[in-house]
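Letters A, B, C and D mark the chains as written, and numbering starts fresh at 1 in each.
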Amino acid sequence: MKQITVGVLGAGRIGRMHTENLVHAVPEVRVKAVASPHLDVGWARSLGIQVAANDNDAVLGDPEIEAVVIAAPSGLHCDLIRRAAAAGKHVFCEKPLAFEAEPIEAARRAAEEAGVTLQVGFNRRSDPSLLDLAEAVRDGRIGEVQTLRVTNRDPQAPPVDFVKRSGGLFFDFVIHDLDTVRFLSASEIVEIYAAGGGLIDPAIGDAGDIDTAVVTLRLASGALAVIDASRQAVYGYDQRFEVFGSAGSVVVDNTRPSTRVLSTTGGVLARTPHGGFVARYHDAFIAELRAFAAAVRGDRPVVAGAADALAAVRAAAAARTSLAEGRPVRLGRAAPAADGGTTS
Amino acid sequence: MKQITVGVLGAGRIGRMHTENLVHAVPEVRVKAVASPHLDVGWARSLGIQVAANDNDAVLGDPEIEAVVIAAPSGLHCDLIRRAAAAGKHVFCEKPLAFEAEPIEAARRAAEEAGVTLQVGFNRRSDPSLLDLAEAVRDGRIGEVQTLRVTNRDPQAPPVDFVKRSGGLFFDFVIHDLDTVRFLSASEIVEIYAAGGGLIDPAIGDAGDIDTAVVTLRLASGALAVIDASRQAVYGYDQRFEVFGSAGSVVVDNTRPSTRVLSTTGGVLARTPHGGFVARYHDAFIAELRAFAAAVRGDRPVVAGAADALAAVRAAAAARTSLAEGRPVRLGRAAPAADGGTTS
Amino acid sequence: MKQITVGVLGAGRIGRMHTENLVHAVPEVRVKAVASPHLDVGWARSLGIQVAANDNDAVLGDPEIEAVVIAAPSGLHCDLIRRAAAAGKHVFCEKPLAFEAEPIEAARRAAEEAGVTLQVGFNRRSDPSLLDLAEAVRDGRIGEVQTLRVTNRDPQAPPVDFVKRSGGLFFDFVIHDLDTVRFLSASEIVEIYAAGGGLIDPAIGDAGDIDTAVVTLRLASGALAVIDASRQAVYGYDQRFEVFGSAGSVVVDNTRPSTRVLSTTGGVLARTPHGGFVARYHDAFIAELRAFAAAVRGDRPVVAGAADALAAVRAAAAARTSLAEGRPVRLGRAAPAADGGTTS
Amino acid sequence: MKQITVGVLGAGRIGRMHTENLVHAVPEVRVKAVASPHLDVGWARSLGIQVAANDNDAVLGDPEIEAVVIAAPSGLHCDLIRRAAAAGKHVFCEKPLAFEAEPIEAARRAAEEAGVTLQVGFNRRSDPSLLDLAEAVRDGRIGEVQTLRVTNRDPQAPPVDFVKRSGGLFFDFVIHDLDTVRFLSASEIVEIYAAGGGLIDPAIGDAGDIDTAVVTLRLASGALAVIDASRQAVYGYDQRFEVFGSAGSVVVDNTRPSTRVLSTTGGVLARTPHGGFVARYHDAFIAELRAFAAAVRGDRPVVAGAADALAAVRAAAAARTSLAEGRPVRLGRAAPAADGGTTS
């Protein structure tokens, strides 16, 4: 089958990771071009990429390129989506699409009008363990969902400079958990109560953000969910998920770099979880790109679409309000997903 | 060393369990008497108990009896404590002492004035796994506590008749979790937000109660805690605890009746957790009685005193208000524990 | 139901443990007497035991005593069994009955002729986890048994003085494993190859014994078994069991004093296994005594009888020969168990 | 750095796997050619491989090709190694090199004389979990090694046709375990006792082979090892390793496709281990090829050399003799590894 010709916009940490995954592990595509203001041309060359540009126009204007992977700074996401859609290119875009609903709505309309696929980088939806968990839920093996639990703890707090432009804990970090709750429950969030504080690094508080949160969600189905998020778990990247229902529960535990267990007089010592998202979600990052290729080919609906991005951002905004005002916040009736997202 | 002569008030399910534990596993005491309106005298005889009465006075009026274990209906607890204290007897009383603060305060004053020991049946404070967890926290092995998590799921919902007189989910069931959070954090609860609903049995809702709750707590130390409670986990009694801090985390998982694991084509199958609190907390129920005997002898402070009961009941009341009014509720400054409880 | 009146012969470490278990946890019996040359009379009194003697005759000659628990030095076991049988008393005897077949045969005949119950202290046959494992095997959940594996590692090597009179690693220690293989497989041992050495303590070698062994067994069913034994595992008492068959496998892992797991930068640390057999097999030691009481009452066959003791001792002797001669040793056709043991 | 130009000899199941790994995951090499009698040319083209030949000469005669990966039928291995060495090409060769010592010796000399690197496909030496285990052993964290244990169970027995030409259980399957024991212990095998039988498939017995074995090894260091091997574990590919020593033990457990655990009334159900060696050792198969590239460049010694192949084959031959003659077999003093293997 003919490969899809792809260009990558952005070559920061995530952009480079996506590019290398595309080249090495996504046989459905050929990466023709990568664009980034301060691009390492040698790196692009070593991957056999033909066009290494400093300017997104070199990618967006190339008629041979059928699809783009956007990993530019978050502030540019929606604008790049609209421009790519206008150029008739399918789009995979990193999360978050934006910090507000309006630009996401506009990007969504642009993709719809252009008839291109738009997938959002909610990588957990492609994680083998989470898919396994979701399958058990959907097969009815735990009955009716009653409570969900997401543990999301990063191994180390990001630099305060990043925190300042990140959109804050809810938009940058908890947004994954908000999407995960929707994905696992197949239900919409109708109310949010966020408790949080600055327990790790005072500099994060000085930057107007929090580093620790417990977020309680009420879902349309009646189920409850709780997200336990922290910017810093010194023992590694803590990613655990649990769905509890009328007929049982299903959990996904952390993965580890090795199954080694050492028993001495000091105790029985296993390895700590993976050190960060690149290692933990390695397979998911590849699988989401392959899923994107399949969606572009029309073989399957997108894993996560603009409606999902919108729902997550609305929930993050409600969490922010809840924290600020010290009260639970109800969400308006979410518009149904119209782009093949899981909510449709 | 001379045994403490003990009488038991109440011989329902819990009363019989305490009595048998006292006879078989608490060498520090001798059970002289047990009183209960519908007492099975043959059962008492088979345990070698001298006095089997239908009336509490037979115990409270016996000058040889130095201490009583109260396992009568909750509504009688505080009155019996006061009467026992007035008779100069040390008291171990099942939880909850009452559903309001006033009778607990009165019982506490009565015990103080009589100079008798008063211990409350927060059995988890004597559970080997939880003590192990608490020790790690107190030794500073996880640094400053940032979040705590309690999972409390009963294997099956109680009969609706019980629910009606139980005081409700928060007073009957979550009260253990509220105490556990105080115990593990060594900090006071300052704010509560309770979300909950009737997801299991409509009859519980008809009785004015809920069966599922997620309760978020803010502690005086700044730490957050979340309690995830359910009246029915079909796979068994789910009791998990986690404390997360600046230098790591410590968890206690479920215990099981056997370590057997069966691998077949169908999967790798371990045993479900214990089927209920009697099996799960078997060692804790014995340990709390031995701790009571030690406290009576003056060898150690009480594990859980009236101040702890009071703090838990106040928190349960705040949770009830939070649920009813849909808002977080602040707790007044709790009075310091004055009776050797862990908060002193 | 009337209690069985019991006497205990021997009050060393094991004798005291059995006595305390009988008093506290075996309601089916009443311990009337305990005899031991250097008996701690105060200890016996504190347990409410009426007769505290230095001489076994005080027990064997008491017509009220219906059953004895023998925990005297191994060298006296078979003689005491015969005397107890002659006195018409049921017998529970610690392992090993003897280091040779003849006295065991004689003891067995004595019990048979007297019509008394004779149970051997193979405590693992009463361990909840091992029973759980055995049940899975017998229910056919793993199909035909193909291989079995026993890991038996003591937390610390015994004093050399004990080693000298212990009968050696095979008779004192591996004998449990030999019985366990028979119990779990429900098949007889037909060939043994023992490899071993002195890897832990040179003094054990100087005493003519080994401290480490790998013993391969061939069973009558065609299945293979392997025992991995060590006198010293510094991390605790390592007791693991595995049965592998045509339809799956079933394992029993170590038990631990607590489920606590601590995660720090240093790793994910669980508790070490129990520190010794008293803690690990606490429930089994009680259950075997209750099973003995039930056998005395005729409610069930004995858990382990003289035929089982005989089979284990013959296997231990074969292992000793194999090690000495560096070759596999075939066992003669074991006589069928005639006393209600599991091989009957 | 310049890529190493590589050719692959053999495109059966293993050959195709190595080729795809080389193309996708070993950036240090470029695969120029692949040769196999019944080659799927389309497959080779889809990987971007320039030369797709039916004849090994097309690879061996290509002066641009610096190194070959041999995955042809076992019977051809040593001859191909000699021819490759004669052509000045570095060699990575699948196990087993041969079923006898002589051709391995000849291949080894050929490689030495040609000055080319020769690495054997003992993939477990590159497995992250096993390396982690080995590191703990070598760092002295478990003290002096006393016993080792290898569990090796394939998910399903191979077709009898394969069994007939496989060299038998010891040469085809247990050879990995024999090498693993040497690798983990860093000690030589001095005596072997093999017990085994046909417990799975009578057709395997009819073909003159066994399907189940327990192999006991005595090492030069004095340590003991036991290998527990089966051609069929219905629950998946069972690969467990344990090293026990004077200061503790270290184990590696099975890996699973997902960490999902489902709790229902039926039990607590985890996923079965990976379904076969391709999934289980996916990372190891890539790592061994990257290690080969590094050895070719002179950056590190080979992971497993001809001396290691020789030692494993000698041990397999001894196991075969032991089984046939029903006795332990001593191995001659193994020649020291001279080619950078782990025994040097």
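Note that a contact is a pair of C-beta atoms (placed from the backbone, for glycine too) under 8 Å apart; a residue touches a chain by one contact, two chains touch by 3 or more.
These numbers come from a predicted model, not from an experiment.
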Contact-richer chain pair [A-B vs B-D]: A-B
Interface sides of chain C and chain D: same vs different residues, half threshold: same
Fitting chain A to chain D on CA atoms, where both chains share a sequence, rotation angle to nearest 5 degrees: 180
Centre-to-centre distance between chain B and chain A (centres being mean Cα positions), rounded to whole Å: 42
Chain B-chain D separation of Cα centroids, rounded to whole Å: 57
Junction residues of chain B, two or more chains touched: 233-235, 247-249, 262-265, 271
In the complex with chain B, residue positions of chain D that touch it: 233-236, 256, 262-273
Partner chain A, residues of chain B touching it in the complex: 144, 146-147, 149, 153, 191, 193, 195-197, 199-200, 212-214, 216, 218, 222-226, 228, 230, 232-235, 238, 244, 246-249, 326-328
Touch list for chain B against partner chain C, complex: 24-25, 27, 46, 128-129, 132-133, 136, 141-142, 247-255, 257-265, 271
